[in-house]
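Next up: some structures, all given as structure tokens.
Shared chain: subunit A. Partners: subunit B in the first complex, subunit C in the second.
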Partner chain A sequence: MMERLQKIDRRIIFAGLMLMIAIPLVKPLQLPVNISSETRAAYDLIEALPSGSNVLIATSIFPSTQAELEPQTIAMLNHLVKKQAKIVMAPCYPDTPPYLLKYAKMLEDAGYVEGIDYLNLPYLAGEETLYAAMGSDFKKTYDQTPSSELWDSISGVKSFSLVIVPNGGRHPLYVMAHISTPHAIDMIASITAVVLPNVQPYFNSGQIGGVVSGMNGAAEYESLVQVPGKALQGMAAQSLGHLWIIALVVLGNIGYFATRGKKAGGV
Partner chain B sequence: MIWLKNDLPRLITLVVGVVVLADKFFAFDPLHGLSTWFLQYSVLFAAFAMILGAANLLRVSAHKIRAKKQHWQYNYVLMIAIIGYTLLGLFAGTKNPLYLSIYNSVYVPAQATIISFMAFWLASACYRAFRARNLQAVILLVAGVTVMLGKIGIGSVIWEALPGIAGWIQNVPQSAVMRSLGVGIAIGMVGVGLRTIVGIERGFVGGGDES
Partner chain C sequence: MDFGTTLAAIVTIVAYSYLFGDNPLYRFLEHLFIGITAAVMTIQAVLNIKNQAVTPILAEGQYLWVIGIIGGIMMLARFTKKYAWVSRAPLSLIIGATSALSIIRAVESEIVKQVAATVNLKWTSVDGAIYILCVVLPMAYLIFTINEKSKSGHAVTSLGKLGQYAMMLAFGASMGATVMARISMVVGRLQFLIQDWLKLGV
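For the complex of A and B:
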């Protein structure tokens, strides 16, 4: 029996996880949300923006990161709309532009006008090189952008009061190195949970002003702006999924210690 | 013409590297202008590199079809998808409803599904790897479980100190390790950068021999 606990069939593990994730979808659960200092700092940065501030969202959201980054982006866009910020969205990954069309629609539903209140820049390749070019001369980097009230009001990267970087990789570090630190612009890293260890030291040192990490970060932000969205719904599923994994770990260790004792006794 | 393949790329690397690097240290307008010009062109070259990548993928796929290699039939799907979707985007525009519909109804669910599998593999891997076999494994196990529980709402229901402990693990030991790794990587990158600029590192021009 105890040996079985060490060799639970993979199909049982998978079926259990699927069940745990499905339960909150059938019967929604209300779980408390603990606001982390990273998410609180991100919220405070946007909250402190004067009305009409220019905000750059240099985003590289794509389908693999959508589950975590999209609720974060939507929650922060809701907050930026409340603050009446002028939003410039720059896609920095080839898969990103279709997402920006969706966010543009969301902004227009909130009364934003393209070219006056928000702007979608074209996708440019280059990743770190692109951020270096943006930091060096933002207007020249996007010199094919048609004239508009918002675009004409921007003279360079220093025209932005805040840079938000939704990404599931190293892009926040590139933006920090080439844009936010050299030009003293506040920055929020909006990241997948797995990236947090890379970003955390820079948040602790103050180089990155705020961090919204993973679905739990998105849920925290949704609860701060009081606009419940997909993250708050998803957190129940994630919580139960974590509990299932922890239960499996506990069972595996019970089996390990029980059989180890037997083996030791038998020798 | 060996200089065209070997020496010219190294000379370009040297000039561009020195100019962009110097621009970070000196406030000199002509230098900044030249550095900006190089950076703008690098964005353009990156776009060309993407085209080159797609063309290479098509070439490799065509070769697999011609040689009837294993699963060669799937290369037809790949080639039709690349060429068809590119042509649709070029002629109908990237805001075309059909273009967006293919992206949102095929590409997004397919990629999201593949990444979702990771949750199942992780569950299985955690179950097998988190065994308290020795002191290091116990530390890993306790830290892993604490952070997993501390990051979800239910953690504070179980024990209200859990989120704080999880935060401490992330802010203190984890940050310390990541900082030391970061410093090590940065020093290594400075070394590689300098070797590339002065031409000692030649891998990028296809040369394997290094002096």
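For the complex of A and C:
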């Protein structure tokens, strides 16, 4: 019996995980959300923006980061709309532009006008070199962008009061080094949970002003702006999924410790 | 329930079917995914060259981009044994530029500011003390140029052993964050299947 605990069929493990996640999605559960200091700091940065401030969203959202970054982005866009911020969105990954079209539609539904209140820049390749170019000469980097009221009002990267970086990799560190730190521009890292250990030291040192991390960060932000979205719904599912994994870890350990003596005796 | 959503739902289910065992539908999807990805990447690369180099040269007379295009063509020499050496020049340029950017980033953001922030931490607070210990102890573990038999070497080795525990804590936190991120991906897909496709729980 105890040996079986260490050899649970993987199909049972996956079926159990799917079931645990699916139940709260079909029948939503309300779980309390504790606001972390990182998410609170990000919220405070946007809340402190004067009306009409320019905000740059340098984003690299793509399908494998969508579940975490999209709810974060939508929650922050909702907040930026409330603050009547002017939003410039720059895709920094080849798969990102279709997402920005979706967010543009969302902004237009909120009364934003393209070229006046928001702007979608074209995708440019380069990753770190792109951010270095943005920091060096923002207008020249995007020199093929057509003239518009918002674009003409921007003279360089210093025209932005805040930079938000939704990304599942090292891009927030590139932006911090080439844009935020040298030009003293506030920055929010909007990241997948797996990146948090890499970004946390820079938040602790004050180099990154706010961090929204993973689906839990998105849920916290949705809770702060009081616009419930997919993250708040997903958190119950995620919590039950974690419970399932913890239960499996405990069962595996029980099986291991219960059979350890027997195996040693048998040899 | 539109066709695109239904197709995406079926593809998601077929992708997850691998968890319960390999099957022909999954293998077909795997090949389809690789094919589509290759096609998209090719088109994206062509568009990058067109938008970022060819158009500025032809429409705006920015002839410096010619150097980039020549460098790109030189990289293709790697596919021949005789002229593979030609690709070293643009490659060294890329490595040099990347190193320069990384050094600028590392010195200011990842060394100076991080050291300053750590030095300024307060020993008296629990968080600060843990933070400082988790910086110093793994550093002791990573000192390899000390005579372990000397008194100071013995002390550093002992501290280094404690540093292993500090690193295990960091790896544990990374592992936990990774599990959370992976579960989020499953939650996102099941939200799509259950709420966007089947319209349940909305």
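Just so we're on the same page, the second predicted complex is superposed on the first by the 260 of 267 C-alpha atoms of A that agree within 3 Å, B and C clash if a C-alpha of one lies under 4 Å from a C-alpha of the other, contacts with A are read in each partner's own complex, and residues count from 1 in each chain.
Here is the rule we use: a residue touches a chain if its C-beta (ideal position, glycine included) is under 8 Å from a C-beta of that chain, and two chains touch if they have at least 3 such contacts.
This one's a predicted model, so the numbers in the text were calculated from it and none came from an experiment.
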Combined model on subunit A where subunit B meets subunit C, clash or fit: clash
Partner chain in contact with A:His242 - subunit B first, subunit C second, else both or neither: both
First, second, both or neither for A:Gly111, with subunit B first and subunit C second: neither
First, second, both or neither for A:Thr192, with subunit B first and subunit C second: second
First, second, both or neither for A:Pro146, with subunit B first and subunit C second: neither
Touched partner set for A:Pro201, first subunit B, second subunit C, both or neither: both
Partner chain(s) touched by A:Pro50 [first = subunit B, second = subunit C, both, neither]: neither
Partner chain in contact with A:Leu124 - subunit B first, subunit C second, else both or neither: both
Touching partner for A:Ile8 - first (subunit B), second (subunit C), both, neither: first
Which superposed partner A:Ala177 touches (first subunit B, second subunit C, both, neither): second
Subunit A residues contacted in one complex by subunit B, in the other by subunit C: 10, 14, 17-18, 21, 64, 66-67, 94, 124-125, 129, 132, 193, 196-197, 201, 204, 214, 216, 238, 241-242, 245
Contact footprint of subunit B on subunit A as seen in their complex: 8, 10, 13-14, 17-18, 21, 31-34, 36-37, 62-64, 66-67, 94-95, 97-98, 101, 124-127, 129-130, 132-133, 136-137, 140-141, 193, 196-198, 200-201, 204, 214, 216, 219, 235-236, 238-246, 248-249, 252-253, 256-257
Subunit A - residues contacting subunit C, complex: 10-11, 14-15, 17-18, 21-22, 25-28, 64, 66-68, 94, 122, 124-125, 128-129, 132, 144, 173-174, 176-178, 181, 192-197, 201-202, 204-207, 214-216, 230, 233-234, 237-238, 241-242, 245
Interfacial residue positions of subunit B with respect to subunit A in the complex: 20, 23, 32, 35-36, 39-40, 42-43, 46-47, 49-50, 94-95, 100, 103-104, 107-112, 114-115, 119-120, 122-124, 126-128, 130-133, 141, 145, 148-149, 151-157, 163, 167, 170-171, 174-175, 178-179, 182
Residue ranges of subunit C in contact with subunit A within the complex: 16, 19-21, 40-41, 44, 48, 51-52, 55-56, 97-98, 101-102, 104-105, 108-110, 113-114, 116-118, 131, 170, 173-174, 177-181, 183-191, 194-195, 200-201
